[in-house]
Amino acid sequence: MKNVAFKRPGSTRVLPGFGLSMGISVLFISLVLLLPMTGLFGQLFELSFSQYWAIITDARIVASYTVTLGAAAVAALINAVFGLLLAWVLVRYEFPGKRLLDALMDLPFALPTAVAGITLATLYAGNGWMGRLLEPLGFQVAYTWVGIALAMAFTSIPFVVRTVQPLLEDLPVEIDEAAMSLGAKDGVAFRRVIMPYLWPSLVTGTGLAFVRSLGEFGAIIFIAGNMPYETEITSYMIFVRLQEYDYAGASAIASVVLFISLVLLLLINVWQGRFVRRLHGGKG
Amino acid sequence: MRRIGDAPLTRRLLIGLALALSALFLLLPLVAIFAQAFSQGVAVFWSNVSNVFTLHAIGLTLVIALMTIPICLVFGVALAWLVTRFSFPGRRLLQTLIDIPFAVSPVVAGLIYLLLYGRNGWIGSWLDQHDIQLMFAWPGILMVTVFVTCPFVARELIPLMQAQGSREEEAAVTLGASGWTAFWRVTLPNIRWALMYGVILTNARAVGEFGAVSVVSGAIRGQTNTLPLHVDQLYQDYNTVGAFASAALLALIALLTLAAKAGLEWRAARRETRYSSDQLPETVSKSVPKTSSQTPLESMPSGQNRQPLGGERRL
Amino acid sequence: MSLSYPFRRSVVALAISAGLTGLAGNAMAADRELLNSSYDIARELFAAINPEFQAWWQEQHDEEVEVSQSHGGSSAQARAILQGLRADVVTFNQVTDVQVLADAGLVAEDWQQAFDNNASPYYSTTAFLVRKGNPKGIENWDDLVREDVSLVFPNPKTSGNARYSYLAAWGFAEREFDGDEEQIEEFMRTFLRNVAVFDTGGRGATTSFIERGIGDVLLSFESEVNNIRQEYGSDDYEVIVPPMSVLAEFPVAVVEANAERNGNSDLAEAYIEYLYSEDAQRQLAGFNYRVYDETVVEEFADDFPEIELFNVEDVFGSWDELMETHFANNGMLDQLQRR
């Protein structure tokens, strides 16, 4: 591996492979990720700004943002708590059925989203296994935004679990020892000692889950009911535009979701960089 | 040594809660799928599964996944190596760019590929003139599957490799090892668990992807119909048992991947136990299997820099 | 992980070889292959017709051919063909989706004249499925706007089937109120407000009605409601065919650009002609579609009640016009649903 040519003057680069890895990465990102995005922006350029604005601020579309963002936020919160619990239990404890539980975590990714949607709708409809229990209590899940949040939480739970899990596994024993030797109670020790290590991964996982929920379609439409202004999600509105052969309109709405998602991911990346630096600073 | 949360009550409470919630939230849907799949008996289930079009869909789905994984592996490792071992302008931008597939709704992902490579796209029209068909054939399915799954490996590796630092590789190279040797002998053993999580997620997503694939596949039975599309078709056509039988197969593929992971972990643990028990007769083996960096080189000075950096790990 | 290693290996090898044959093309070798792109609920129908056609062609021309199927929402299928899916023929349930292909030059301009009956070998209409004993006494369209009745049909924006439900209701109101715009719109507003769930497609709506027990009436094609009733139990549901409804055509066309390219022009033509043959018409009638072949019509006379059908184009003008006024973004449908 002779990559001398890539070494900038004054760099302390010892390791080889800069050229090769840069080549592969840039080629891949350009071809697989960026090039297709031009298709989306090509569609957007067919619209004037006022047309674009009219499409993305249409009352019904705005209602769909509210439903989508609200349900995704609830789903993300549920997943943050539930995902942390699951990751903790999977890493820290031995118990019968642990392997099965571990395997279950990836189920939401492997099931086609439509199957997940149909199954959830079957379970939580008024005559389903769960719906029969919940509806007499005045708690309707299917065909309300609660159902949407539920479907979102289901499809995005692996993000949280699988992000927190490797970190917990790598957490050194000394951390527990230190906390214990100071005589802290479990709850306090967890909050003060473990959580600072977990925050970045928990926030990343939750953030990814939230972003995934914004784009989810297949799992939700079966349980949403799709009533105008009430339970229509944004992905569904994109789908409707496509059915009308309105690529530009679909791209416009998609660009809003894309923008929100990317900004969020960027914020997480930046916040995380700061957080890690602060953590290191604290350690001297 | 007692660890946080080891008190029997806490322990039981948390395990109980996790099991109860998972049972309701994850296991129940799985049970419902199998219940539907077998609702008319094993014979009907089997005749649906052994149907020639179902078999073809299974094969196509597996082949696409098997092709996707190496592509994502090469890209993921290269990108992780690049952003964790070198510093250069644009590093953070590259890291954010790989998140694009998470931010794009799968249906839109399929659409943008179609707009580019479809007959009316600017690349697609050229391809069409030369009689090359990517969309509505297996290459199109592969392309969108790679798009949807490519962040997983890189996302798993980057934080870990950042945390581990490059001193071990540098030491190896300084001692005269070639770049490849340093990578195979030093880096790879250190990152293999993260790599495995990456592959598992990639596989799960590749096998189950519906939205993006449905846009570019054309769903030609016996040709471009993947298993998730097959499920949808059967369901649309009122063959509920057939649809859920195929869905159950997809769930099984996911479970098998996990079984494969468990097998590898077990084998590696056995090998390492043997190895470490040669050197250190007692105790070490217990913590070996799960942590990713217990390798021979861990005893070198660089080992100390990974502990405080633990907080940087993220997917 | 109790499977033995060789066993695991053979399973993997088997699956891979199955997949590779998939990559190489069709598993079954035939001299020529014809691709029929069709709507999503026609899978079983064409699975029944295709082998018959293949046998017939073999007999006539001593050539082994294979008809492949692609199914999906009718407009999703049309979009795929626009973008390069090389289907030789289309058998859709929406006139507009074939028209889109004609506008793009893939299908002949005069495709509706290329075959009999507006290039529609079979037809249907919008009918009602109600629960056992018809507890709400649903007989006609005006029963559907009663306050105590709740309806299930998919979103007309995403489902062609639901578009017909909407048009049929409008056609009824048009006659009932003698063309009084205000009254028609009020009727339609109530009609849409009575919908309990807007699924994206016919299948979703059926699931809502049957398996979730939502709504009193399911609106769909007559063929579809009959199939559903047969599928889910003839005793639990009843089919109501209103005295008047809309004519729903199932247009067919040769995608000339593709057929020529695939060297299938003769085969594609023959395939569509075959759909008009007595054998195929009998199959179609068996799937509860109304057909034109007189012998078959007589055989199945008991299954299809008399009904007055109106033609969409007679009431609404051309399909292009009505898509624009009713179903386009901010069209009549959007206005009627506005809060």
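In order of appearance the chains are A, B and C, and numbering begins at 1 in each one.
By our rule, contacts are C-beta pairs under 8 Å (C-beta built on N, C-alpha and C of every residue); 3 or more make two chains touch, one makes a residue touch a chain.
Source: prediction; values computed, not measured.
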- request: Compute the centre of every chain as the mean of its C-alpha atoms, then state which one is farthest from the centre of chain A.
  value: C
- prompt: Between what two chains do the most C-beta pairs come into contact?
  reply: A-B
- line: chain B to chain C, mean C-alpha position gap in Å, rounds to 38
Query: Counting in whole Å, what is the centre-to-centre distance of chain A and chain C, each centre being its mean C-alpha position?
result: 37
- request: Would you mind pulling out the distance in Å between where the CA atoms of chain A average out and where those of chain B do?
  value: 15
- request: For chain A, write out the residues touching at least two other chains, lowest number first.
  value: 118, 122, 239, 242
Field: Set of chain B residues in contact with two or more other chains
entry: 114, 121, 235, 259, 262
- request: Would you give the residues of chain C that are in contact with at least 2 other chains, written as numbers and ranges?
  value: 76
Statement: Residue set of chain A touching chain B in the complex reads 1, 13-18, 20-22, 24-25, 28-29, 32-40, 42-43, 82, 85-86, 88-93, 95, 97, 99, 101-116, 118-120, 122-123, 129-130, 153-154, 157-159, 162-163, 165-167, 169-174, 176-177, 179-180, 186, 189-190, 193-194, 196-197, 199-201, 204-205, 208, 211-212, 214-218, 235, 238-239, 242, 247, 250-251, 254, 257-258, 261-262, 265-266, 269, 272-273, 275-276, 279-280, 283
- line: Residue positions on chain A within touch of chain C in the complex are 59-60, 118, 121-122, 125-128, 142-143, 221-222, 225-229, 236, 239-246, 249
Complex contacts: residues of chain B adjacent to chain A: 1-7, 10-11, 14-15, 17-19, 21-22, 24-30, 32-33, 74-75, 78-79, 81-82, 85-86, 88, 92, 94-109, 111-116, 121, 143, 146-147, 150, 156, 159-160, 163, 166, 169-170, 173-174, 178-180, 182-183, 193-194, 197, 200-201, 204-205, 207-211, 227-228, 231-232, 235, 243-244, 247, 250-251, 253-255, 257-259, 262, 287, 290-293, 307-315
Field: chain C - residues contacting chain B, complex
entry: 1, 15-23, 25-28, 35, 37, 40-41, 43-44, 68-72, 76, 80, 82-86, 201, 203, 206, 227-228, 231
Message: Under the stated contact criterion, what part of chain C meets chain A in this complex?
response: 73, 75-76, 79, 100, 155, 157-158, 196-200, 204, 207, 211-214, 327-329, 334, 337-339
